[in-house]
Amino acid sequence: MKLPEPARHSRRFAFEKHAGPISCAIGLIVIIGLYAVRQPMILSPFGLASLANASVALALAAVGQTAVLLTAGLDLSIGAEITLINCFAATTMSASGLGIAWVVAASLLLGLAMGFLNGVVVAYGRVEPLIATFCTAFIFSGAALIVLPRPGGSIPDGFATALTGSWGPLPCSILLLAGAVILVWVPVFNSRLGRYIVAVGDDAASARLSGLPVRRIELASYMLAGLFAAVAALFLAAETTSGDPGIGNIYTLNSLAAAVLGGVALSGGRGTVIGPILGSFVLAIILNALGVFNVSAFWQDFIEGLILMVVLGIGGLRVLRAGNWLALLRS
Amino acid sequence: MEDRETYPAASERPLLTATGLTKRFGGVVALKSADLSLFPGEVHALLGANGAGKSTLVKILAGVEQPDEGELRIGDRPVTFATPRAALAAGIATVHQELSLFPNLDVAENILIGREPRRGGLWLDPRAARREAASLLENLGAADIDIEAPVGELPLAQAQLVEIAKALSAEPNVLILDEPTSALSIAEVERLVAVVERLKAQGKAIVFISHRLGEIERIADRVSILRSGEKVGEFTPGSFSRARALALMLGESWQEGKQPERATRVRDAGPAVLDVQGLSLARHFDSVSFTLQPGEVLGLAGLEGQGQKDVLFALFGLFRRGLEGRIAVAGKTIRPRRPRQAIAAGLAFIPDDRKSLGGFLGLSVSANIVIGALDLVRRGPLLSPAAESALVDTLVRRLDIRCASPTVPLGSLSGGNQQKVVVAKWLAQRAPVYVFCDPTRGVDAGARAGLFAVIRELAASGSGVLFYSTDISEFPALCDRVLVFREGRVAGELAGTAVTEPAILALSFHEAAREAA
Amino acid sequence: MSQPAGTAGRERAPRFSLGARFSPRGQQVLLSYLILLVVYGGCIAVSREFLSWGTMRLQLVQATFIGLVAIGETFAILIGQIDLSVPWTITLSAILGTNLAALHGQQWIAFAVVIAIGVAVGLLNTLGVFILRVHSLIWTLGVNLMLQGVALIYTNAAAPTTHVPALARFLALGNVGGMPMAFLVWAFFAALAILALGRLPFGRYVYAIGNRQPAALLSGVRLGRVHALVFILSALGAAFVGLMLSGYSSQAYLGMGNDYLLPPIAAVVIGGTRLSGGDGGYVGSIAGALTVVLLQAMLITLNVSEGARQVIFGAILLALASLFLKRGR
């Protein structure tokens, strides 16, 4: 391992660690505030539920992406995983004789299986994560096109309202997100696996020297990503009450942007779960707010791309601080 | 080799036995048929110059590298360690020289990685972890380390103590300490010594590596000396002698008091081709000043990592900022911030790491040679194959590069010939200053002699040569003058016949130097 | 951790042995043409149509579009990067070029737009990839998304008024001495690309950077300049293909570049250029482009759905990547 500059002040380190989530939280408040000035209705339970519904799929995808980023990996297939599961759910939930519960279970398993494929190729096939998941993304989205060549399919109303409605004052979408985090993320990151995921991303060589099963840990991180992608896909299916073989495309890059915005380091080992969630809300609500501010919806892609590039570019500025050319080229 | 039968507890069985360990990297033998026995309650020190094979031996014991030949036994049971995990499981814990820590994890998390205390066999128990880690640190007398601080925030000395605590937390039977004291203060070393004594009393076997002879004298029971990958001697408990150890480390040339033949080349102090004044870079080196005359070979010696290599990197523009001081090449002051600027000023740089820095292994010999001199083989906008092959043929002949044809990839050549190709790249345009940064690393003796001839020829033709090597024996053979670095500063200068291995080694080794003073 | 000496021999172990008479690179090129022959044989087995000049002429034109994009993609992959901003560079260049040409009634504007977009997109990619050091796969995908946004904003998602320059139509559809003009354009630029890689200093720098970037730095290669040139050439190629495509279909529309993300990359990789950079060349990419086009045509003839085609191409790339793109343990 390479130690950074010694003996920096403790408090600064602590702020750096939480800078992502904190600035996202502030940004979120500002954005919702601005939104509310133009459109006070947004602060009603219905309005907040609609904001939540617009953000939760991205938040789930970003949490999944974070699991992989923490190991210093990358999952460019998250969008395609979402697409395939979305199409699978939309074609089977109403049409097939299977019950909703079975389709949900099968969808989660499908997510795990796709994550497993990614993990095997990356961890055991030793293919660069970027290239590997780029390739599997085409396999998954191609498979989605086979399942559902054009937008269609249907989702039972009961399932749709169960996920997108409200439960008392709380939007069900928020409950779904919280449930996924509490049932999956929290247990994983309070057991050894979570600790090892962070350790592998922090310094893979040290992890090997410390006797950690690096490959199995990498594999698990991709399976986690697949699982969260599956939940995101089911939510999207409920939200749109149909399937769309193009629905997942934007989630690949946006999940990455949300994670980086939320303070997750692309170099691995550093990040929280709350950061990417807040980052997702910021991103999704900015895009959602465009209409309110009379910005044409056609600006959406441009602004998404711009935010992504600015966020990634800011991440890149850190690298520019490297003092040594060789260190810079190796980064 | 000393007599092992004299050991009073010879009846005791070794915990771990290594026999005939051999490891090759490419064509280079890093470790040749080494034997090692680790007895319970004994500290076994490994001593040797850079590249003697200590690290390789340690890596094999720790499961990082696998030996090409030889056998490891724990008790009577033969074992193989395919991974560090396997070695750990077998009760061998290692304090790695380059530290195996996680900068973003806190101290407690680092110490107990892989052995986290759990509640209900599943959930992490941070409170228990902090307790356990604190008690381990306390044992090391390092209770002042903030257990919740990220390790990346700690000064190197504290990180080193964390690494030691981490190895101890595995409760190993065999503990390997690879230069554990390099960043520690005297008081911290004292506490480490106390811990080692306690572990000895518990019947653990300890492997200890240090460059500080004083420490070894104090701590070690048994000392093995390595040179060029071979174990050349072993001191049984009580038999250690500094003079014998130095002699063994240096090999015959010194024992026989033989000086390598070298004409003393005293030159007129013409205008310096390179003038460096007060060069400093925080955390790398400090106030380094020297001049290089045309026709002179100036060595930068010292143990590895004392800043001499960073000085060469800095001269060649590899540090983008933070460089202070003055550099003048042939009278012209430069502030190199990228290699291009250094090259334009007249520096040529031959790096140590041919694989990643010097050459393009996948490209042809010819493409490697002309990459820096494409203007010389250009006719109009196009490269001329005829001009290229003429230039390449000349250089291949001049340097006696052995290859089937200049069109074969560089990777297919032997190490020495690869290095010659890297040199040839800079010969197309004659530079006033040639910087050789450990050029003989992983190169066999024949090729080394060839390379030395080239270096002398360059000097004879009026260029100045800066030379750095991890092999101390190369300086007397080649250099007119040597600066010995220690901890980022020039610790001393040797010139002419004073350039000898013992002199360099004395200036390099902390303790030895102190004694001399 | 550095290891003395090393894996030199391992690195260039010949992957395929097609006789000792050919150099490793020659063998790769030969292999890519053998693959082309096999695929063409497969096409003929599927349908006799593929024996007719009419059909093959069509495939040649299709291969031109992929082949032209593959020039820049070959350069980009040779320096160890990738350019995924191609699809919307194509679309934006076609829409902006033909629309501005229509508005001002001047054909040359379309060509000026091609150059402007090529330079602008190339520099933007260089900024992210070389200066900010974001991985090219991510950054160029982000640029692609932003260009898509620009195209949507510009057109308001409606079909734009276009004026396809006659020259663009001629380049795409014309006929010179029985050969499709498009193919001649391809041949011209292919020759330039092969010359640049083989006989220009630029080509040497491209290989040097892809082979070992730090070594290139130490040899005094201007890394930034070469990166910029490569990304500009790649974007220029895509922008030019956009214009040709508008000439081919006599219109410009949103999404017209969407089919040009994966096939050019597949063409480069099938052509024997390593995804990790530093090894390969454009001669193989030509065979790769033809192979990809024939493979697509064969799959369409077999009524294989678009989804299945994506799966097949993804799997081929993944297989090639896992063969050639190993990282350390």
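Of note:
First chain written, first letter: the chains are A, B and C, and each begins at residue 1.
One rule holds in what follows: contacts are C-beta pairs under 8 Å (C-beta built on N, C-alpha and C of every residue); 3 or more make two chains touch, one makes a residue touch a chain.
None of these values were measured; they are calculated from a predicted model.
The touch graph of these protein chains is complete, with an edge between every pair of chains.
By number of C-beta pairs in contact, A-C leads over the other of A-B and A-C.
Inter-chain spacing, taken between the CA centroids of chain A and chain B, is 43 Å. Each chain gets a centre from the mean of its Cα atoms; for chain A and chain C, those two points are 31 Å apart. In chain C, the residues that reach two or more other chains under the touch definition are 1, 214, 217. In chain A, the residues that touch at least two other chains are 205, 208, 325-326, 328. Touching of two or more other chains is recorded for residues 98, 338-339, 357 of chain B. Contact residues on chain B toward chain A in their complex (touch as defined above): 62, 64, 83-85, 87-89, 94, 96, 98-105, 109, 113-114, 116, 118, 122-124, 146, 149-150, 152-156, 159, 166, 283, 313, 317-322, 338-339, 357. Here chain B touches chain C in the complex through residues 25-28, 30, 51, 98, 316, 338-340, 343-344, 349, 351-353, 355-363, 367, 370-372, 374-375, 378, 381-383, 407, 409, 411-413, 415, 418, 425, 441-442, going by the rule given at the top.
Taken in their complex, chain A has these residues touching chain B: 1, 3-8, 10, 13, 17, 187, 190-192, 194-196, 198-199, 202-203, 205-213, 269-270, 322-326, 328.
Chain contact summary for the complex, chain C toward chain B: residues 1-9, 11-12, 23-24, 195, 199-201, 204-205, 207-208, 211-212, 214-222, 278-279. Contact residues on chain C toward chain A in their complex (touch as defined above): 1, 127-128, 131-135, 137-139, 141-150, 152-153, 156-157, 213-214, 217, 262, 275, 305-315, 317-318, 321-322, 325-329.
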